[in-house]
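Labels for the chains are A, B, C and D, by order of writing; each one numbers its residues from 1.
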Amino acid sequence: MSITVLYFAAIRERLGQDRRELELPASATIAEVWTQSTGEPWNGQALAAINQEYAKAGDRVADGDEVAFFPPVTGG
Amino acid sequence: MSITVLYFAAIRERLGQDRRELELPASATIAEVWTQSTGEPWNGQALAAINQEYAKAGDRVADGDEVAFFPPVTGG
Amino acid sequence: MSVHLQESALDPWEWVQRHQAEHTAIQGKFGATSVFVGTMRDFNQGQQVEAMTLEHYPAMTQKQLETICDEARQQWGVLELLVVHRYGAIKPNDPIVLVAVWSGHREQAFKACRYVIDALKTRAPFWKQEQTSDGRHWVEQEG
Amino acid sequence: MSVHLQESALDPWEWVQRHQAEHTAIQGKFGATSVFVGTMRDFNQGQQVEAMTLEHYPAMTQKQLETICDEARQQWGVLELLVVHRYGAIKPNDPIVLVAVWSGHREQAFKACRYVIDALKTRAPFWKQEQTSDGRHWVEQEG
């Protein structure tokens, strides 16, 4: 399946990229998306979202999903 | 001694006056000011102030004071 | 710290904007502004209200509101405070009271603003008289 | 109920005034308006801050803020709600966020307004990067 992965703020800066398209086996989890897309082990430090809703490490993604990784938020 | 007495809102309407000057024996209390100025017994229903600060029934007034009687407040 | 009583119509947002612009010393220092506006509704306790008259005790109102603002400032260390209250003839949808608080952080701003409006409602000598189809009557104090 | 994200300068008082004027259906119905404005300070954790950049995740920010507003409306039965948040380059003393709530009574207005700003700070995907004399750094989340 094919998904889009977005990175924001300090994570975006550290990885040196803000977006990539990724091919993955069906029913991969958020943690697997992180590892596949960054080459780093999942350490649970990043917040994650699937299709603009917060998601947990074990949540599974589907074909066409937009997955995002970012640090704790600091708006307002 | 000589004081000024003010009445507000429903109390002013019921008494048919908003202000009067009053001669009183020295060290009269708020309750005595009420009775002297209205001819009614003090029933504790009115709020009272001496020189624009809240006062209790037993508080004593001094020459030149401004005493006020009014119902519970409903501003804001 | 300012307390104003006025008989004419009250534009709360213009007041807040002007007060903030005039207090240049707090610019860059405040991170939070909490504003409360109380507005006349066109019904109360199930009855249509056509108009209202707000009686007050001018000297005492001014003193009480200044005391309340002082208490709020001391308790929460707010940077600046503005209270504007109308009196006289009021129409439905007219703003009646404005409380605005500027502080470093939101906790102080919210608490001080709430404190001022709650204290005002129990201590500031104002009395509302409503005009309904039944005639005029004095409003009872809220529980 | 409106949520707006904008890059240009934000005049919170003009927003509140216009929003209220446009929502004629609530006129005469609301007795309480609670407004919160968060403004950029010129110092943070003891350091002078020269400028700030606010990064965000546009689609998710919009969705999260709408969800938060819905929660507040359902929990307190407020009549109308407005949230405006800036992103991009921000200067000290610039307003960053506006939350405005209109309701029948002040309890609902204060609680809903506080709920929205608190939830926004923990859930809406914004990230502040400050520029100080030491260079640029990402702001840490508040305790």
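Simple rule for what comes next: a contact is a pair of C-beta atoms (placed from the backbone, for glycine too) under 8 Å apart; a residue touches a chain by one contact, two chains touch by 3 or more.
Just so you know, these numbers come straight off a predicted model, no measurement behind them.
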Note the shortest touch-path length, in steps, from chain B to chain D. 2
So, comparing C-alpha centroids, which chain is the farthest one from chain C? A
In whole angstrom, the CA-centroid distance of chain A from chain C equals 48
Rounded Å distance, chain A centre to chain D centre (Cα mean): 26
Roughly how far is chain A from chain B, centre to centre by C-alpha average, rounded to an integer in Å? 72
Between chain C and chain D, what's the gap in Å when you average each chain's C-alpha atoms? 23
Give the residues of chain B that touch two or more other chains, as numbers and ranges in rising order. none
Which residue numbers or ranges of chain C touch two or more of the other chains? 38, 117
Name the touching chain pairs, would you? A-D, B-C, C-D
Residues of chain A touching chain D in their complex? 6, 8-10, 49, 52-54, 68, 70-76
Give every residue of chain D touching chain C within the complex, in rising order. 12-14, 16-17, 27-43, 92-93, 104, 106, 109-110, 113-114, 117
Would you tell me which residues of chain D are touching chain A in their complex? 38, 54-57, 59-61, 63-64, 85, 96-97, 117, 120-129, 138-142
